[in-house]
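Across the two complexes that follow, chain A remains constant while its partner is chain B and subsequently chain C.
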Partner chain A sequence: MMSGLNLSLLYTLAWRNVWRNRRRTLVILLAIAFGIWSMVTLAAIMRGMIEQQVRNTINNLTGHIQVHAVGYRDDPAIDNSMPPPGPTMLKVLRGKKNVRAWAARVRVPAVVASERASAGVTLVGIDPEAEQGLSFIAQAVTEGRYLQSPGDHGLLLGRKLAERLETSLGKRIVLMSQDIDNNSADRGFRVVGIFDANTEAAETGYVFVGRTLARDMLKLGGRVSELALVVHDRQDLDTILQSLTNAARGLDIQPWTKLEPLLVLTVKMYEATMLIWFVVVFLAMSFGLVNTLLMAVFERTREIGMFQALGMRPRFILSQVLLESLTLLMIGMAMGNVLAWATIAYLGGGLDLSAFAKGLEWAGLSSVIYPLVAASDVITANFLVIVLGIIASLYPAWRAARYVPVEAITRT
Partner chain B sequence: MNIMSYRFKYQWVALLLLICATVQPAYADEATELVKAAIDYWRDVSSYSVMDMTIHRPKWERTMTLRVWTRGEKESLVRVMAPAKDTGNSTLLVDNKMWTFSPKINRIIKIPSSMMYQSWMGSDFSNDDVARADDLVHLYTHRLIGTETREGRKVFIVEAIPFDSAPVVWGKEVIRIRGDYVLLEHAFYDQDMVLVKKLVTLKVKPMGGKEIATVQRMQKTDKPDEWTQILVKEARFGIDIPANTFTLSNLRNPRQ
Partner chain C sequence: MGITLRLAWRNIWRHPRRTLLTLAAIAFAAAILVFMVTLQLSSYDTMIDYTVRVYHGHLQVQPEGYLDKPQMRNTMPDARTLGSHVRKLSGLGAVSVRAMGFALASSKARTYGVQVIGVETEYEGKVSTIPGLVKKGRFLSSDDALEAVIGHVMARNLKLNVGEELILLGTGRDGSVAATVVPVVGIFESGSAELDRHMVQLPLGTFQDVFSMGDHAHAIVVVGDSLEQLAALMDGVRAGLPAESRLVVLSWEALLPGLKQAIQMDWASGWFLYLSLIIIVTFSILNTFLMSVLERTREFGIMLALGARPERIGAIVMLESIWLTLLGLVVGVAIGTAIVFYFHIHGFSYPGMEELAAYYNLPAVIKLTLSPLSLTLGPAVILFVTCAAALYPAFRIRLLKPVEAMRAV
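Moving on to the complex of A and B:
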């Protein structure tokens, strides 16, 4: 007769058992909810950090793909310049719908000097129009003005560097570098704009001038050092990379994952950290869960013995305890996810960590973090809790199924 | 009568305008000529000199003896003669390019642009000061801002403002030139027109057939107890210097 026992009866039993000891159940539900909450919330914050770091780096003149002369990446000197993009390459750059923006730049090491100090920088000669939507600089000028054309006579200086050089908007500074014949090339520029960047390194590392002026100063003719582009969707990267490689033989064409190996590594490290965090939280949670179930099973020794004596098979007893555990887990998870969602929605305006901003900047982060929910993280967290939770409850369930009816019934 | 005076007035105005128009550029030209003449006078067609360079610091002071050859505006060679420790250290300048040679490491090093604002041989002169002395003519607009009298001689005060594109960090430079073209003072101002450093001639003496500044001192305004002084001990001008003096090979293997 018991073989025909249906799930709904088992479930009714499990459900009623769950609420037999309300306080204990609430405590374990809170533990599960808190565990899930911490997993999902923390994952969202970490995702936010990762995404921000990737975006900052890509924004920071990296782009999604860069084209250089072979050798430039090892030695970003003027000798490793290349001719401007030819017709076949322009066809790829202009023809493809998924190329959002691209620009050719002059980018060489230089020294910038004021009356009182000098500093090593990267001189970047830009086409101001083309940098719109490609790199941070188009939006970054907070004092003065942005460059107006490649032939603009002005210079853009980072705020931090301006402080270090003890100079300011409207003053002249001198840029020194080496021209294509290896003679020293220098020129005075007037600071027309001061820019703010996410990181101090970007503010002190770059000096922007018009591309035409940079070429004149370095006697580059039409040549450039670098071509960078961003795509609409990072998924399309490979196809564009392929067509660019076909269009420009003999040039060094790399996606951002190759240009910034450290960043890729950091992302992987974040993901590993996240998984470790998931497992640690789960372990702490599972001890509580196993303990609760063991307790529940122990309390019901007589009852379980009675079921068995009446002919209930051990596997149904096992299922009943597992269902009980599943119910606990599901309710806890629902609570946890709702809590996490509420927290993330609350933090949507950004999590201000400026108290620790120095260390964060070093890691290429901004001081405000915007949590980002990735479906994969939420699924991983929930899946991990359900599957491992069920596996952990196998032990108390197995214990319950193994009771010998006579002993169980006689126990008081 | 009325009409006459009216026309007369106008003629005056026209004449005045004419004078202003002609005098103003002539004034600027005169200042440029003055600076050019002073530099030509100082460098001559060629020169050879021996000088002591004293670097003074609050806790120490050292003196180096230098031999200097120059030819035209673009070529110079400096060799250290004493102390023994530094003997043979040399600097060659050709067309604003600068190389140094150190016998201890037996290497010629081209001074890269990144080092142009660093100190030259530990002194208060920067490599740039040494390499660029003659740019003062070409990269600036000059204006005569006054004259004064020192020891009974007329001294011209010229203000030089660099072009926007000139590789010069200073806001202005003020040069005092004596009537016979001896440079008496060269002051460097930042772009807020605050004095940063000053090269002052402390003594003028006849040497090598003409009056020259024999003692000069370079001093930064914010460091009153640090200075570098140059004392010219011997000088000859307009002499014949072989063309191969200003070559890298001669920098490494001295032939004089």
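Moving on to the complex of A and C:
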């Protein structure tokens, strides 16, 4: 394509031209660097928010895949329970290396009453061991202790709910619900642990007891309401989903993307916002870039005319200006990426937004956000700037190549 | 026009192409800012308005401490009289008294824990949209009628229909058992999943009977004409309360702290983006300012030699920058306003917004409305930052020595 052109000469010319006016070059480099910095940093913060929102939701008893009796999701009552996982399903759950954790739960609406007050909650009967690495509760108890076995007689209460019920560690409270025969069932429990959760909704919405006790209270026998699992790598989700569906016909098996369609939508919105913002920042930058190149070309009108008179081809001049622009873009990008990397490293300990805690909770976020660098975002930002930057530089380059030698030389 | 102004104006047009590009950069930033800030402010107003009108109201009078710990026994006595007193005070009529409690709600099939609200049937429709959102049956008829309306998710969960009986079992204010069997006369769809799942409304009188409340209640809900009058409304209500009472006046910001903070966070993160944009544009502009000064070094040298004071030349350069920025801002604001106007007529929406909006109980289309603040805030910040940037080239002139400057190429 560039046959007959001496590339290294071209490059030397471009490089020297870039530094003819140091101050101007520095200003435009700062503009490019700042643009890249804001793109990459912002993307990392947003990515961190997305990841946290997804993780919080998955941790909040959702898991990557849930299995229910058909009808449970619409009407989460005890009638819609299911038998515990059979041998074929257990084979999938235990046999596959990519299932990180799984647990079967009893999960029904209930009322919790202390001496002073009562509240509507979701009663969750868990196997404490199995919830490790699956849901938040295994790590969330901050006062007292976690449950020790499915037969543990204790109960875990969220901090906010404990405040509302005016109860505390060691006190007895009563759980009321309906058993499988539709009779009211109640049972007293001692509060053995108070847990803190990311959201107030989780702290006031769930009450955890041992699964065996929940089954006894509700006369459930071996039945459960829900089975949740998490995988090691979200890429494997489809395979596992498929083998579970084959193993458990007649059950409602859903991935988190179906269970939380709103979250998927939110993630898409974040990504769209990011891309739109990249383009806006780029456009702002390109005005400066084109302007700088135009000025550079304009003040060299005579020189370019002279080159042409001496036999330099127009496309050589075009390439020279484009190379100049490429050099500016590359240096600016290198500076911007380093700056962004430094900023993100600085924020690595978490961006503390506790001033907006309640607002973040609305969006399903915790009050500390950890920026997360995704290679794809960094590449998109840089790629966008380089490609669009070169396209924008075509205009000044084309103008330079179009000068008529005689006119250009005689212009002062 | 003074000679300085005219000189500055002519200088701008020495390089029409460069000037136009710089103008375009400023106009671009200004248009984006006008549009985005208007979009943000309009959607906040819509969010607040929609959210508070569903249930919480613009402000509530509550017994001290009730908001933090909603205890049944923390009440205000003689609530109805106080309610009508407040109604006269604010002169709006949009005032309604409520009492709140918790109960077990059972149908033949199911039992759930629910929030029971006693409402003044005559006034509730003026402070809350729920009475208007009864999709099946009707709203409560009178303050002492034995009837209930419930949310549609609860109706589905309890497998209840209009005309069937709901059993409520809870604890009264004095700790006694509160129990009643009440026919469901209406089922509402408020759009808020939380309310639709958990809320039962009874007439206030019936509630007070069942929960042994006497003439007590928990809240007086007030809705004003608009958010702008909120502060005045709060002051008015506060001044009108009996002096010795333990009552507090709470605005929507206290009643719905999540909404308030979500808005603040969105506003703050928005400005992170806008400032990045402004700074990048400023760099572009700075280059133009700087170049136009550097290329005139000779000229300035001659002017200095002829006796022009450096301040005068500095002023000309500053004026050039301001001319340029103002011109860009005018164009940008015009474009931004045109975009806003388009969305004012057609409403603003984007793919996926409908589902998200439905979840948060908001309209699927936001009508953009220009306010003096949204129109001027962005451009004002741009003007400020570019003027600061223009100081540098203007300041450089003071360093020029006439003789050296005249020799410069």
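In the analysis below, the second predicted complex is superposed on the first by the 408 of 412 C-alpha atoms of A that agree within 3 Å, B and C clash if a C-alpha of one lies under 4 Å from a C-alpha of the other, contacts with A are read in each partner's own complex, and residues count from 1 in each chain.
The rule is simple: a contact is a pair of C-beta atoms (placed from the backbone, for glycine too) under 8 Å apart; a residue touches a chain by one contact, two chains touch by 3 or more.
Just so you know, these numbers come straight off a predicted model, no measurement behind them.
Participant: Taking chain A as the common reference for superposition, should the pair chain B and chain C be classed as clashing or as fitting?
Facilitator: clash
Participant: Looking at A:Arg187, would you say it contacts chain B, chain C, both, or neither? Reply first, second, both or neither.
Facilitator: The first partner, chain B, only.
Participant: Now for A:Ser118: first (chain B), second (chain C), both, or neither, which partner does it touch?
Facilitator: The answer is both, since A:Ser118 touches chain B and chain C.
Participant: For A:Pro261 in the superposed arrangement: first (chain B), second (chain C), both or neither?
Facilitator: After superposing on A, A:Pro261 lies in contact with chain C but is clear of chain B.
Participant: Quick check on the superposed pair: does A:Asn6 touch chain B, chain C, both, or neither? Answer first, second, both or neither.
Facilitator: A:Asn6 sits against neither chain B nor chain C.
Participant: Once the structures are superposed on A, label A:His153 by its partner contacts, choosing first (chain B), second (chain C), both or neither.
Facilitator: A:His153: touches chain B, not chain C.
Participant: For A:Trp277 in the superposed arrangement: first (chain B), second (chain C), both or neither?
Facilitator: second
Participant: Please work out whether A:Met295 is in contact with chain B alone, chain C alone, both, or neither, and reply first, second, both or neither.
Facilitator: Second partner only.
Participant: With both complexes superposed on chain A, which partner does A:Met176 reach: first (chain B), second (chain C), both or neither?
Facilitator: Both partners, chain B and chain C.
Participant: In the superposed model, does chain B or chain C contact more residues of chain A?
Facilitator: Touched residues of chain A are more numerous for C.
Participant: Once both complexes are aligned on A, which of 1-9, 19-27, 55-63 or 163-171 in chain C overlaps with chain B?
Facilitator: 163-171
Participant: Could you list which residues of chain A make contact with chain B in one structure and with chain C in the other?
Facilitator: On chain A, the residues that contact chain B in one structure and chain C in the other are 110-111, 116, 118, 120, 176-178, 184.
Participant: So in the complex, the part of chain C that touches chain A is made up of which residues?
Facilitator: 15, 17-18, 21-22, 24-25, 28-29, 32, 69-72, 102, 104, 109-115, 156-157, 170-171, 198, 257-266, 268, 272-273, 276-277, 279-281, 283-288, 290-291, 294-295, 350, 352, 355-356, 359
Participant: Enumerate the contact residues on chain B facing chain A in the complex.
Facilitator: Listed in rising order, the residues of chain B that touch chain A are 96-97, 112-114, 116-117, 162-171, 188, 190-191, 196.
Participant: If we count contacts the way the header does, which residues on chain A are in touch with chain C in the complex?
Facilitator: So the residues of chain A touching chain C come out as 21, 23-24, 27-28, 30-31, 34-35, 38, 42, 74-75, 77, 109-111, 116-121, 163-164, 166, 176-178, 182, 184, 261-262, 265-266, 268-269, 272, 277, 280-281, 283-285, 287-292, 294-295, 298-299, 353, 355-363.
Participant: Given the complex with chain B, which residues does chain A contribute to the contact?
Facilitator: 110-111, 113-116, 118, 120, 153, 167, 171-178, 183-190
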